[in-house]
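By letter and in written order, the chains are A, B, C and D; residue numbering begins at 1 in each of them.
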Amino acid sequence: MSQILVHIFLLLVLPPLLLGVIGKTKALFGGRNGPPFLQPYYDLIRLFKKGSVFSTTTTWVFRAGPVVGLATVLLAGMLIPFGGHSAPVSFAGDMILFAYLFALGRFFTASAALDTGSAFEGMGAAREVTFSCLAEPALFFCFLVLAKLSASLSLTTMLDGTFPLGAGVAAPSLVLVAASLFIVLLVENSRIPFDDPNTHLELTMIHEVMVLDHSGPALGMIQYGAAMKLFVMGAVLLRVVAPFEAANVWADWGLFVVGILILAVVIGVVESVMARFRMVFVPTFLVAACLLSVFGVILLLR
Amino acid sequence: MSEWLVILGIACHAFSGVPGLFLRRDPAAGQWLAMRLAVLGSALGITGALVALWSPAQLFPVMRLDAIAVIFLIPIFLVSALGSIYGLEYWAQAEHSGNGRKLRVFYGLVTAGLAGVAVAANSLLFLFAWEVMALSAFFLVSTEDHDQEVRDAGMLYLVITHFSTLCLFALFAIWYVATGSFALGALPAGAVTPTMATVLFMLMVVAFGFKAGLMPFHIWLPSAHAMAPSHVSAMMSGVLIKIGIYGLVRMVSWLPDPPAWWGGTLLVLGTVSGVLGVVFALGQHDLKRLLAYHSIENIGIIVMGLGLALAGRSLHVTAWIVLGLAGALLHVWNHGLFKALLFLSAGSVIHSTHTRVIDRLGGLAAVMPFTALLFAVGAVAICGLPPLNGFVSELLIYLGLFRTLGIGAEPSWGVAAFAAAMLALIGALAVACFVKAFGAIFLGVARSDSARHAHESGRVMTGSMLVLAVCCFCIGLFPWAVSLVLELGIAAWVPGLNAELPALRTLAPLGWISMVAFTLIGLMFLIGLGLVRRLHRSRVTAAGTWDCGYAAPTPNMQYTASSFAQMLGSFFVWVLRPEVLVSEKQPVFPGRMHFRSHVMDVVLDEVLRPAYQIGVRISSRFHFFQAGNIHAYLAYIVIFLIVLLLWR
Amino acid sequence: MAWFLFLVPLVFACVAAATPSNRWRPWLVPMGGLTHLLLTGFAVTGQPVSALKGWVVLDPISTLVLGFVSTVFFLCSLYAPAYLALRQERSNRVFCACLLAMLGMMTLVIMAHHLGLMWVAIEATTLATAPLLFFNHSPRSLEATWKYLLIGSVGIALALLGTFFLAYSSIHEGLEPTLLLEDLVHLAPRLSAPWLHAAFVLLLVGYGTKMGLAPMHTWKPDAYGEAPGLVGALLAGGVTSCAFLAILRFYQICSNAPEAAFAREILIFIGLLSMAVAAVFVIRQRDFKRMLAYSSVEHMGILVLGIGIGGVATYGALLHMITNGLTKGVMFLSAGNIHRAYESKSTDDVRGAMQRLPISGPLFLAGFLMVTGSPPGGPFISEFTILIGTIHAGKYWVAGLFLALLAIVFIGMGATVLRVVQGAPSAKAMATPYRDRPQLVIPIIILFVFALALGVWIPHSLDTLLQQAAAYLEGGHP
Amino acid sequence: MNKFIDPILVLVLLLNFVALGASRMRTVIQAVAVQGMLLGVLIALAHGSLVLWVAMMALVTILLKGVVIPRMLFDAIRDVVIRREVEPIVGFIASLFLGAVGTGLAVLFARTLPIAHGDVGSLIVPAALSTVLTGFLMLTTRTKAITQVVGYLILENGVFIFGMLLMEAIPFLVELGVLLDLFVAIFVMGIIIHKISREFSSVSTQMLSELKE
C-alpha cells in the first residue's frame, strides 16, 4: 500500500522537476546559470492562479481537451512500474491500454485545437496526429519485443529486467528497442530535435502551436500533463536501459529518482548539442524508429 | 418457444411496411404502424434470441438458433428498430411521399432477410433469405433513383451482390454434392478432398467478402452507403455487411481440419483491408463515404480476429481461438453500435444542412450540441479508445495477436505478431481521421451558409442515437457482462473441444477494464470539476481566437479537413493516388486560385472500370456477327453443320 | 381424345377466320385456350392417350410439355383481347386464326411419336407463326419475318434430311424400317453408327435453328424484337419448347446408342456456346426486346446444357423449360406494355417505367431478377439443380463457365433493365394514352405468381412427373 | 436399282453447276425447273414397279417442282420491275469453283457413310449432299430474294434426292418432301416475295439488313 502511495506521490510531484533539470542542463551548456530547478513549479502555480481567456468560437470541447489530456496521462502513469516496484495497476494487456490512453488524450487535445478555428492550431493538431501515426507502430513493435523477451503481457513483468530467453538473446533486441523508444519519447514529448517547446515559430511547431489559444489554469494543466507524459515515458525507457534494482526497497526508489533525473540530463544534453531538424525529417526519423524496433522483433523471430 | 418468438419477430419486420401501402389516405399512420411493428418485432426477436441462449431448442430442422445466430440476431433487431424510429423524423412521410412507402416496405424486408440468413440451417432457405436481404438492400440504396449517382451506386451494388450470390450457388452446390442434402452443418471429415475444401474456403472468402466489404471486394460499399438514406446506411453498415462476416464465421467453422494458411490468408486480408480502409477514409471529402471506408476498416479488424481464431483451430491453440473469436464477435456488436450511431448522427447533420461535403460544414457543435456529443462518443468508440466499447474488442484481438509470439507454452506464429503493430497503426490513423471529421464538421466556425443556418434535430432522432451511445458505454464499462454470450458463441464455433476451451475472463482482464474505465471517467470528472470551479473563481474573458497577430480572420482561413489530412495522405500517396487540379501560376497580383483534389478507389476506378470497358469493347467487336445480313446468317449454319459433322 | 387435343384449336382457328367482327374475334383465343387447357387436364389425368396406331402418344415428357404449353398459351391468350383492343386499327383475323392454329400444331408436335409426323407439325408451326411476326406490317417486321422464314425453313430442310438419315440408319442395318419413337429407341443399339451420328448432327442443327441455339439463333433478335410481346411470349415459351422436345426425342434415341457420349459432348458445347453468344450481345443492348431475345438464346443454351450433363441436370433442364417459359411470359408481356406506353423500345427514350407503369414496370424488373436466377424464383431452382448436376458429374470447368456466363448476362441485362425501369419518365412518355389496365396486367401477375411459386415449392404431382420424364428420357422406357 | 438413276443424277449435278454459273435469272430458274422434273422422273424410276401412288407422286412432283414454282418465280420477276441479272456476292467463276469443292467434299463425306448393299454404287448420297451444298452456296452468295428462293429449292431438291433411298421403305417420307415444296410454294414465294416487292420496290435482300446490333 505504502508503495502505491509513493508511486502516486512521485507521479504527481516529480514531473516538473524533470523540466527544471533539462532547462538547467541546457543553461549550463549555454554558459548561463539559467532558471532555478523549481522554476516549472512556479510557472504552474502562477498559471493556476491566473484568469483565462476563451475564444468566442470555442465550445465544451475546447475545455475538455486539457482535462482529458491530464486524466489520461495520470492513469497511464499508474500502469508503469517505477524502479523495481511493480505498477499499482497491472494486468495482461495493460501496455495496450497505456498506448491507447495517450491516443485518447491526443484525440481531445487535437479536437480542442481545432475548436479554436484558427489555421495555426489546426496545423499543429494535424502534425500531432500525423506523427503519432508513425510513433504508435514503433511503440507497439517495442512492446512486442519486450513481451517476447519477458514472455508476459503486462508492463510490470515486461520491465522487471528478467529475461527467460537469456541476456545473450535479449541484448541486441533491447539495444534496438531502447534507441527506438528514445526517438518516440522525444517526438511524443515534443523535444528538440523534433520540436521545440520554447519557440513559437508556427512553421515548425507541433505540440506548442496546438495549445496556442489555451490560457490560465487550462494551459497549466496542459503543461503539467506534458511534463507528466515525459516522466512516464522516461520511466519506461529507464527500465529498458537500466533495469537495476537495489537490495533495499527505499533505496530502490532513490535509485529510480536518480535514474530518471539522469535521463533528464541526457535529454538536456541532446537538446543542447543538436539543432532542430526540418519538419520533413521528422517522419523519416519515426520510420527509422519503427524499423529499429521491427529489426528487434525479427531478431527474436528468426 | 424461442424459435417461435424469433419467427414472429421476423414476420413483424417483413410485413411492417405493407400496411402503409394500403393506407393511402393517411400515410403518416402507415409510417407509425411500420415503426410500431418494427419495434414489436425487434422486441420479440431479441427476447426469443435471449431465451434461446438459455434453452437451446431445435423445433425446425431448417432453422438453427444457436449462440452464434443469437450474437448476430441481437444487433440486427436492435439497429433496425432504432433505424425505423429514427426514420419517423429523418424520412418523414410528409416530406418523402414519393418513395417513403417503398422505403419502409424494403426496410422491413431487409431486416427479415438478415434475420432469416442468421437462423437458416438449410442452404435453400439460406439463399432465399440472402437474396431477399440483398435485393431489398438494392431497392433501399436506389431509393432516390431519379438521381444518376444513386442509380450508378445501385447498379454497382446489384452486380456485386449477384456475384456473391453466384459464388454461393457454387458453394452450396458443392456442399450438396458432398453431403447429399440441403441441410447445413459441419462437413464430416473426408467428405471433401483437401483441394475441394480449399475451393470451398476460397468461395466463402469471395462470396462473403463481397458482402462484408472486405478489401479488395469492398468496391460497392462506399457509393452505396453514401447514396442510401442515412438510417439505411446505418442499417447496412451496422448489420448488413456483418451478415457476410456471419457467413464466413459460420461456414468456416464447418470445414474439417483447416490448414494454417487459411487463417493466415484471413489475417492478411483483414490487415490489408483495415489499413487501406482507414487510409482511404482519410482521403474522403464526403462524410458518408468516409464512414463507409471506416466500415471497411472495421470489417478488416473483425476478419483479423477471425483469422487468428482459425489459425488457433489449425494449430490447436485454444487461447487464440477464444481471444480471436471473442474479439471478432464482440467487434461485430461494437461496430454495429457505434457505426450505426455515427451514420445516424451524420444523417442528423445532413438533415439540417443538406450537404455531405465535410469542407462545407463546421462549427455545428454550437448549434447541434447533442448531435456533436453523440458523434464524439461514436468517434471515440470507433477509434477503439477507452472507456468505450471499441477498446474492449480491440484489446481482445491485441492480446490474441501478442500471444502468437509464443507467450508461455503456446507455439509461436510470429508473423501474426506484425498484425498487432498494424492494428496499432490502424488505431492511430483512425484517431487522425476522426479528429479530422469531428473537428471539421462540428468545431471551429461554419464554412458555408447551409452550416451557418443549421439546427438541432428533434427528440426522435437524437433519442434513437442516444440509445446506441448508451449501449456503447455499457459494453465499455461492463465487458464482463457480455463475456458469457461470447463464450457460448465460441463453444458453438468449435463444438469439438468445448472441454479444453479456457474461460474468456481467464485470458482477458475484463474486470480490470471496467475498473480502469470507471477510474478514467472518475478522474476526468474530478479534474473537470476542478477546472470548472477554478474558472468560476477566476476572471474569464471571451475574445476572438488569437491568430498570431493577424487582424481579420475569416472562416475560410480555418484548417480544412483536406489540409488536415494532406500530410498523412502524402505518406500513402502510392495507394491513394489522388488526382489534383491546381489552376496555373498567377501573375504578380494573384486573383482567384483553384485547388481540388479527389481520391478515387484504386480497385474500382483503376482496375475494374477499365476492365469492364475493355470487356465492352471486346464484346462490341463481335457485333459484326449479327450485322443483319442474312447471307452471313445462313453461312453460319452451313459452316457450323460442317464443323459438327467433322467433329468426330 | 388425342384427336380432340389438336383438332379443337384448329376448329377454333377456322371459326376465328370466319368471324367477321374485329372486336369480338379476339375473345375466341382465350376460349380456345381454355378449352384446350381443360382437354389437356382430362388427357393428363385420364387413362393413357394413344391414337393413329402409336403415332400419337402421351408419354411423360409430352404430358409435361403439353400441360406447360397449354397453361402458358391460356395465360397469354387472356392477354390477347385487351392487347388487340389496343390495336383496333388493323384486322386481327389472320392473327387470331394463326394463334389458335399454332396451338394445335404445337400440340401435335408434343404428342407425335412418329418422327415424320413430328417434322410435319413443326413445319406447320413455322407456317402458323410467320403471320404473327408480320402483324405490324412494317418494313422492319417484314424483314424479321423474311429472315425467320428463310432461316427457319433451311433448318426445317436440314431436319428432314436428318430424319431421312435416321430412317436409313435402320434400313442400312437391314432392320425393319421405322420412324416410330419406341421402335427406334429399342433398335438404337443396333442402328448404323455413322448414319445415326450424321442424323443427330443434322437434326440438332435443324431443330436447333427452330429452338434458337447459337449460332443458328440469328433470326431470334429480329423476330422477337419486331413481333408483339404476346407473340414473343408464345414463341419463347411454347414453340421453342416444342423444338426442344423434338431434340429431346432424338437425344433419347442416341442415349441408348453408342453415340450417347458424342451427343452429350455436343449438347454441352452448344449450350455453353449459346450462353456465351447471348452474353456477348446482351452487353450494352439498347433495345430491351432484343435483349429478351438474347436472354432466350441463353436459356435455350442452359436447357441443352442440362440435357448434355444428364443425371440430376436432366430433371433441372426439364424444370427450367417450365420456369423459364413462365418467366419469359412475364417479361415479354410486361415489355409489350412498356413498348405500348413509350411507343419505343430503345433505352434512349424509355425511362422510369416504374413510375410510368406502376404495375408493368415492377413486373418487368422482377421478371429480370427471376430470369437471371435470383432466389426465390423458379429459374433459380432449375439452374441450381443443373449446377448441382454439373458438379456431381465432376465437370467443374463447365460449372465455372456456366456461372461466369450467368454473371456476364446479369450485368448486361441489368444495365438495360435498370435504365428502363429507374429514373424519371419523359413528359412525352407521360402523355401517351396507354395506362395499365387489369386485363393487361392480371395475366402477367398470374404468370409471375406461378414462376415464383415453383421456386418456393414444387407440387408433388409435378415433381413425380418431372422424375418420370427424366427417367423416361434417360432410360428410354416409361 | 434401276440403271437409269445414276445418269439422271449426273444430269442433276450438272444442273447444279448451271444454276451456279448462269448469270441471267431466267436460266437459273429454268435449270431448277428441269432439275425438279428430273426428280419427278427419279421417283418413278426409283420404285421398282410403277404402282398408282408412285405415278401420282411423280406427277405431283413434276407439276410442283417443274411447273408451278418456276411459274411463280417468273411471275415474280415480271411483277417486280427489277434487273434480270443474278447479283452474286461471290463471282460466278468463284462460285463454280466453290460448287466443285462442295461436290468433292460431298463425295468424300458420302464415302464415310456405309451404303446398304442394295444400293451399292449408286450416286444418290453424293448427289444429294452436293445438291444440298449447292443450295447453301446459292443461299449465301446471291443477293436477290428470288435467287435465294431458288437456292432454297435446290437445297431441298438435294434432300428430296436422298429420299429416293427410302422410296420402298418409307414412302411417307418422300411425300413429306413434296410437302416441303408446298410450304415453299405457298409462303416463301407467294406472300413474301410480293410483300417485299411492295415494301422495298426491289427484291434485293441487301435492303433487308436494317435489323442488326
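Rule of thumb we're sticking to: a residue touches a chain if its C-beta (ideal position, glycine included) is under 8 Å from a C-beta of that chain, and two chains touch if they have at least 3 such contacts.
Here the structure is a predicted model, which is why all the values come from computation and not from measurement.
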Tell me which chain's centre, taken as the mean of its C-alpha atoms, is farthest from chain A.
-> D
Leading chain pair when contacts are tallied as C-beta pairs | A-B
If you average the CA atoms of chain A and of chain C, how many Å lie between those two points?
-> 78
Inter-chain centre distance, chain A versus chain B - centres from mean C-alpha coordinates, in Å = 35
Determine the centre-to-centre distance between chain C and chain D, using the mean Cα coordinates as centres, and give it in whole Å.
-> 31
Between chain A and chain D, tell me the centre distance in angstrom, where each centre is the average of that chain's C-alpha atoms.
-> 100
Two or more other chains are touched by the chain B residues 623, 626, 628, 630, 632, 634, 637, 645
So chain C residues touching two or more other chains come to 146-147, 150, 154, 198, 221-222, 281
Pairwise, the chains that touch are A-B, B-C, B-D, C-D
So in the complex, which bits of chain A are touching chain B?
-> 48-61, 63-64, 66-68, 70-72, 74-75, 89, 91-94, 96-97, 99-101, 103-104, 106-107, 110-111, 114-123, 125-127, 129-130, 132-133, 135-137, 139-141, 143-144, 147-148, 151-153, 200, 202, 212-213, 216-218, 221, 283, 294, 297, 300-301
Chain B - residues contacting chain C, complex | 124, 127-128, 130-132, 135, 142, 145-146, 151, 154-155, 158-159, 162-163, 165-167, 169-170, 172-174, 176-177, 615-616, 619-620, 622-623, 625-626, 628, 630, 632-634, 636-637, 640-641, 644-645, 647-648
Once bound in the complex, which stretches of chain B touch chain A?
-> 362-363, 365-366, 369, 372, 376, 379-380, 383-386, 391, 394-395, 398-399, 402-403, 405-408, 412, 414-415, 417-418, 420-425, 427-429, 431-432, 434-436, 438-440, 442-445, 507-509, 512-513, 516, 519-520, 523-524, 527-528, 531, 534-535, 538-548, 553, 555, 557-559, 563-568, 571
Contacts from chain C onto chain D in the complex sit at residues 116, 119-120, 123, 127, 130, 134, 139-140, 142-147, 149-150, 153-154, 156-157, 160-161, 163-165, 167-168, 171-172, 174, 177-179, 192, 194-195, 198, 221-222, 225-226, 281
In the complex formed with chain D, which residues of chain B make contact?
-> 623, 626-632, 634-635, 637-638, 642, 645
